[in-house]
Structure formats: structure tokens, C-alpha cells
Amino acid sequence: MKYSIQKIADYLNGTVTGNPHVEINNLAKIEEAQAGDISFLANPIYTPHIYTTKASAVIVKDDFNPEKELSTNLIRVKDPYEAFSKLLDFYANSYENKVGIETPSKISKTAHLGQNVYVGAFCYIGENVKIGNDVKIFPNTYIGDDTIIGDNSLIFANVSIYHDTRIGENVTIHSGSVIGADGFGFVPNNGSDFKKVPQIGQVIIEDFVEIGANASIDRATMGATVIRRGVKLDNFIQVAHNVEIGENTVIAALTGISGSTKIGKNCMVGGQVGMAGHLKIGNQVKIGAQSGISHHLKDGEIVVGTPALPIKNFKKSSIIFKNLEDLYRRIQRLEKELNELK
Amino acid sequence: MKYSIQKIADYLNGTVTGNPHVEINNLAKIEEAQAGDISFLANPIYTPHIYTTKASAVIVKDDFNPEKELSTNLIRVKDPYEAFSKLLDFYANSYENKVGIETPSKISKTAHLGQNVYVGAFCYIGENVKIGNDVKIFPNTYIGDDTIIGDNSLIFANVSIYHDTRIGENVTIHSGSVIGADGFGFVPNNGSDFKKVPQIGQVIIEDFVEIGANASIDRATMGATVIRRGVKLDNFIQVAHNVEIGENTVIAALTGISGSTKIGKNCMVGGQVGMAGHLKIGNQVKIGAQSGISHHLKDGEIVVGTPALPIKNFKKSSIIFKNLEDLYRRIQRLEKELNELK
Amino acid sequence: MKYSIQKIADYLNGTVTGNPHVEINNLAKIEEAQAGDISFLANPIYTPHIYTTKASAVIVKDDFNPEKELSTNLIRVKDPYEAFSKLLDFYANSYENKVGIETPSKISKTAHLGQNVYVGAFCYIGENVKIGNDVKIFPNTYIGDDTIIGDNSLIFANVSIYHDTRIGENVTIHSGSVIGADGFGFVPNNGSDFKKVPQIGQVIIEDFVEIGANASIDRATMGATVIRRGVKLDNFIQVAHNVEIGENTVIAALTGISGSTKIGKNCMVGGQVGMAGHLKIGNQVKIGAQSGISHHLKDGEIVVGTPALPIKNFKKSSIIFKNLEDLYRRIQRLEKELNELK
């Protein structure tokens, strides 16, 4: 992705001071930028950096008046922060602006594709699948029969979406994720081996959900596993059958949620957290990394640890745990002294 | 998957009371069912629900005699629970009843496929691979050279099975799982960097094993990593080189087992458990979620925690840990009072 | 992979005692070997096994003089350990010695492939991708636009490498791994929902790195996530945006490293460890399995636990934690006795 400074200035409605023909291929912070990078100056605290930056161009406010000579080129705009954000979005999307059906791909005759869709090579689109407008599906992705994907969603390479899944609009799913595999349900058979409980439910993913790489969201036994609007899941999230995650809840990597647990809205869950099954977690709950949750949590609770405690208790107890031996010795001494007194 | 009530009644050897033409597209619990769903009534406790259910049909015992008017339709059978189970199995299998070789797929000339096999598009079947009868391999799955898969096994999309792997009969492997990648073995080279230990062993998966999504079972350094008959592994299970997991052992998500550890039969292992290498875990052992196992465990032990303790000790100690500061204060007070006494 | 004993002896510059026509198809330890296996005898401690081994052949020192009759065949060489290592390497590489472009695969016209390359069927090679000499890419792998892969690297099946990634020479990446997915960055939007922070940085993987199965290395927000020369990552490693891992550091399975944390050289990190973001971990640091790291660590520190403690403290405190109830009781008794004294 290379563009001349002039071309970028045109895109941002800015004007160039310096050489408009220099080519830019990356964006960077002003203090870290190298030749070929473009950066920006919005906060006056960073002004000294503009005289030493190695960036090939810096976006500045239109009335910027350098106090020393500059070795970089300038693009002058009304709002440098907004202009840089616009450029970031442009750059981030530049690799995702794909359209068309690549070959070979396998699209069932009963599938329906919207307008302006991208289907990469080696994608498999099953029977009766419905794909909305402006959806982009990267190569080697599998979409099972009867699945529906809403407008504007973005599915990266090597994703597996099982049959009969519902995916909303503006959903992003990263590579390696698996949506709709069977829930983990077995019942003892003859005392020693197990019989599988059929997993015939669905996964429903609402609008504006983002799912990281290598995540797994299992289908429900009956009914649905539901990921509500605006939820953000990091890489390696395990969501078991019949779980429900409330709107705008954010969950960090390697966290596992056991079957039928319901999590409320706007929760923040750290990495490597484990939740037992059949729990009810309220809204605005915060759970520290590596916690083990085995009880219900009320709205607004902040917990950490295994088993999870209110954060205050956990911190105080952890400090004492660090030197538990000291406590042990002091008790031994007390016992000795008390015996001598008696 | 839509069927009329009549068609379902025929399949279950039942008789219809009500409208036989209504179409059913899902199965649900009687208290959660919606229009288009079929449910069942076996336990008399649930009888009141049949007068309020929104289900389009309910499977009941043949002599069921409603006390009030019903708004749902009935299918009368001998054993409603068994009939519903049969329907669940039918429904669960309905998306897996695929047969035939889809194109494009790549099947080596030296591979041998049994009868009634499904190979999805973009599957890769390497040299000398042997696939049994009634095996189903979903799209985009890779099967390396010399691998053998037994009758009736089911491999979902985007699975990677390395060369020279042995997979038994009636095995299920979900999407994203990797079977037979190299064990993690390196030896120090010049004090600072590492030389790889060649990993030339196998993975052997016996009959009736189920492996969840995005699991990894590494091949042995020499010999075999073995998953015995009837083992059930949830999503994201890490099985290192030369591990052996005994018959009918069940392991929940995100658990990792280090190299050469042997686990016995009929164990239950919670989620996010970690086991060190070279351990011997007995039969019927139960390990609580998030435990860290660094010692051998005998038959029937029940442990939890890091390091793992007998569950009684863990629970008692955890309760005290919660208010460790209280203990600390009481010791301080004792010391002060004792000093005053002296 | 079957070779006669004679053929193996020729490869190892050895001479055969016994039947040179017997076929060998596997390598094994002398005490575990079965018919069809070859083993070796280097350490005299194992000499008794040569009289009972079921191996079809054993590699021995050229002057080996058996004291009893042997039922196995011998290959006599100068250095049996070195010869067996050579055979192990040969065997380990035998399944990876693929060359050529299989069809169907999709290689963009602007991509450049080096000499002696293997590209498996259903691989996708994007625009402007550069692949070095002797690179092997197994089936169903996706390589996004503008990515560069150095000489002699080995990418297994079903790997996803996003656009604009830099992979060095002699790198190995196992199946299911995802390199370059978006970092997990969102900012609150209207108090309740979130806006995505564009993730426009790169992933840089230097030479001689090995990455296990189903790992995820996210691209940087800006700049690069960097995996330095010689790093070895096990399966299921989560590396967040802008992380840097120093040379020859080794990390075991299911460990997660949060955004912008920098790890030094030659560290050893156990499995299921979690590290908070923006930390600085020194060189030669050792971190025990399942630890939670929330503070910087200096060169050479050895820690374990959540929160992580020096290993000595952790061990002592854990022993006392095991019987925390005993401490509790002793304090109760002290309080009672002291009260009686007063």
C-alpha cells in the first residue's frame, strides 16, 4: 500500500508543505516513525518530536508554525487527530476491500448471495445458506447448510461455521474460529461409558459482535447459545452450549464459560477466567484474569481469584499469603511463650 | 428441516390428534417451545404446561386424556421419552447424512476409500490413506499420508490430521482440531539456542472417542500418544507427546496435559486444568477445574487447587484465605497482649 | 516408510550382522521396540536389553561383541547414538520432503515463489506474496497479500497468515495457527458500546522460530508484534498485539501474553501462564506453570503462583495453605488460653 503525500493530502482535504511526491507506506507514532511512515501531531506535548522525527510526513493543524527547520514534510488539515483516524481506518480496510467470487469455490445452488459480496477461493457455502450484502468471506472458510449471515459481516480465512447458525450484521469473525460445533454433552451409559446427548440447538450471534482467532462457540443442546449485540470476544474463547453473553460484554483471551451460564451486559472479563455451568452473572460485573467463578454474581460486583473473592479481600489475603510462613512462626512463638507463662 | 406432524407421527409409529398438516421445524422443551416446535410430555410434573405450551405439537403417552381444551396438536405413542430421543437423534443426524465425493477435492491415487463415504469439497487425502466404510469427512479437511480412519467416523470441516495417524471406528472430531502435530521437544544446543528433537511417533485414537473443536493432540517423540476407547475431550484440549488417556475418561475445555503423563480410566477432569509431565494419574480420579497437578494421583482421588489438594482441605483453606487479614490481626493482638502479660 | 536393514546400513555407513533383507518401518527405544522396529545401543547400561529386545535390528558400536546369542540383527557403526540421530532426522523429514505445486491451488499472478518450493492443494497465496527457496506450504493454508516467507520455512496445513506478515528463514508453523489477526483493541463509544481501534501493524517472526498447533499471534496496533530468532512456542499460545518475545525464549502450551508486554531472551515460561499487558520481563526469567504475572520481572527471576511469588515463598506458603485450618484452630486456642490467664 503505497501512496504519495499529495494523494494522502487530497484524501484528507489537506495541503502539503514540502515534497508532495514522497511515497508513504505505513502509519506510525511520531516518536517511533521511520522513513516511509506518516505520523500526526495533535497534542502540543508532542511538538518537540516533530523536529527530530524520522517520519516522511506529519499531519499537523493548518496553522502550525514550526519554530525550527523541519526535515519532514507536512500535511496541514483542520483536525490532525481526526484526519489520522480517517487514514487509519482507510489503511485498516485496504486489505479487506475485496469483491467478487473467486474460483474454485463451492457455492450450493440453493444458497443465496447478496450484492457486492466477496467469496474467496476454496470457500464452501452449503445448501440454503443466505449471505447478506457486502459480506466478505475469506478463503478456505466453511459455511454449513441453512446458515444465515447478515449484511456487512466479515469472516476471515479458515473459519468453520456449522449448519443452521444465525450471524447478524457487521459481525467480524477471525481465522480458525469454530461456530456451532456440538455442545459437550454426554450421559453415563452402562456405568462406565457414555452416550452422546444430541446437540440440535443453534448459535445466534447478534449485530456488531467481534470474535477473535481460534475461538469456539458451541451450539445449544436445544434452543440457542446467544452472543448479544456488541459483544467482543478475544482469541481462544470457549463458549459452551446454551450460554448467553449480554450486550457489549468484553472477554479477554483463553477464558472458558461452561454450559448454560448467563452473563449480563457491559461486563469485563479478564483472560484465562473459568466459569462453572448454570451461573447467573449480573450486568457491569468485572472479573480479574485467571479467576474461577463458581457462584452467581450480582450487578456491579468486582471479583478476582479462585474461588473468586471481592478484589479487596483478594489483594489483602494475597499479601499475607506471600509470607504465610512468617505467620506460622509467630504462632509457634506465641504457643511457646504462653506455655512458659502458664 | 421441515416435516408435517403426520410425517413425524409415521416415523414414531404414533397417531395424531389435531391437525396432521402443521409443519414442524424444531424440537424444544415444553415450557420453552414456540410455534413450529415439537415437544414431549413424559413426566406428569410437566402436565400443566401442556395446556399453555406454544409448541405446535406435543408427543404424549397413547392413553393421555386432557382435562382441559388444548391449543396444541398431539402425537400419541407408547413411550414419549423414547420417541422424543429418537426424534432428537434423527434431527441431530439430519445435517450429517452426506454421501459422495464432492469436487474439487484431492484424493491421492494410492488412497483407499470404503463404501458409502462422504468427502467434502477441498478435502485433501494423502498417499496410502485408508478410509473405512460410512466415514464422513467435511470440507477443507486435511489428512496426511499413511493415515488410517476406521468405519463410521465423522470428521468435521477444517480439521488437520498429520501423516501416519491411527483413528478408530465411530470417532468424532470437530472443526479446527489438529491431530499429530510435532511434540514440543527441544534440547539446548550451545547453551543459548535449541535443537529440535525429531518427533517420529504416532497418534492412536481408539473407537468411540469424541474430540471437540480446536483441540490439539501431538504425536509421540517415539512410540505413540494414545487416546483410549470412549474418551471424550472438550474444545481446546492440549494433549502433549506420549500422553496416554484411559478408557472413558472425560476432560473439559482448555485443559493441558504435559508430555508422557498417563491418565487412567473413567476419570473426570475439569476445565483449565494443567498437568505436569511424566505423571501417573489413577483410575476414577476427579480433578476440579483450574487445578494444577504436579504429583501422581492414586485411584479414586478427588483433588482441586494449585498445587492440588484433597477437596476437603481446599474448601476449608479457601474459606480461611478469604479473610486471611483477620487471622493476621488476631496474631498481632495476641502478641501485644502476651507482651503486656509478661 | 519401509526400508531393508541393508539399505539403512548403507545410509549409515554401517555393516550388517544377521539378515540384511528384513524390512524396518519404525524407530523405537530398545526396551519398547517391536518387530519391524530398529533401535540402538550406545550406553552400556542398556546392554542387557539387546538379548531380549523384540526389535528387528539394533544399531551397535562396530566392536560390539555379544556374550549370548541374539535374536535381533545388528548394524555396526562408529557412533551408534549419532547414527540413530541421523536416522531419526531422516525419518522425521521423510513426510515433509514434498516439492512442486499441487492443483488446484490459487497463486496470485503478482506472487513470487522461490526454487524447490512445495505448495499443497487448496493453498491460497495472495497478491505480492514472496516465498523463499525450499519453502514447504501444506494444503489448505492461506497466505494474505504482501506477506513474505523466508527460505526453508515449513508451514503445515490449515494455517492462516494474514496480509503483510514477515516470516523469516527456517521457521516452522504447525496446523491451525493464526498469524496476524487483529489485536484486541476497542475504545468505549457512548458509554456502553465499543468502537474498534484499527489494527494496522504487522507480525514479524524471525529465523528459526517454531510455533505449535492452534497458536495465535496478533498483529500490532501500529508497529509490530515481534517473535525473535530461535523462539519456541507450544500449542495454543496467545500473543497479543505489540508483544515482543526475546531470542530463544521457550513458552509452553495455553499461555497468554497481553498487549505490549516485552519478554527477554532465554526465558522459560510454563503452560497456562497469564501475563498482564505493558510488562517488562527480563532475560533468563523462569515462570512456573499457571502463574499470573502482573508486575515487571528482573533478569534471572524465578517465580510461580497468582500473583506470582519467588518460588521459595510459593512453596512454603502452599504447604501452610494446605492446612490453613490448623493455623486457624491454634489461634483460637491461643486466644482462649490467653483469656484464661488474664
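Lettered A, B and C in written order, each chain numbered from 1.
Here is the rule we go by: contacts are C-beta pairs under 8 Å (C-beta built on N, C-alpha and C of every residue); 3 or more make two chains touch, one makes a residue touch a chain.
For clarity, every value in this text was computed on a predicted model and none was experimentally measured.
Chains that touch both chain A and chain B: C. Residue numbering at the chain B/chain C interface overlaps only partly, since under half of the positions present are found in both copies.
For this pair, chain B with chain C, the centres built from the Cα atoms lie 25 Å apart. Contacts with at least two other chains are made by residues 104, 122, 140, 158, 176, 214, 236, 254, 272, 290, 306, 321, 327, 331, 334, 338, 341 of chain B.
Listing the residues of chain B that touch chain C in their complex gives 104, 106, 122, 124, 140-142, 144-146, 158-160, 162-164, 176-178, 181-182, 184, 186, 192-194, 196, 198-200, 214, 216, 218, 222-223, 236, 238, 240, 254, 256, 258, 272, 274, 276, 290, 292, 306-307, 309, 313, 316-317, 320-321, 327, 330-331, 334, 337-338, 341.
Residues of chain B that touch chain A in their complex: 1, 26-29, 32, 85, 88-89, 91-92, 95, 102, 104, 120-122, 138-140, 156-158, 172, 174-176, 208, 210, 212-214, 230, 232, 234-236, 247-248, 250, 252-254, 265-266, 271-272, 289-290, 305-306, 318, 321-325, 327-328, 331, 334-335, 338, 341-342.
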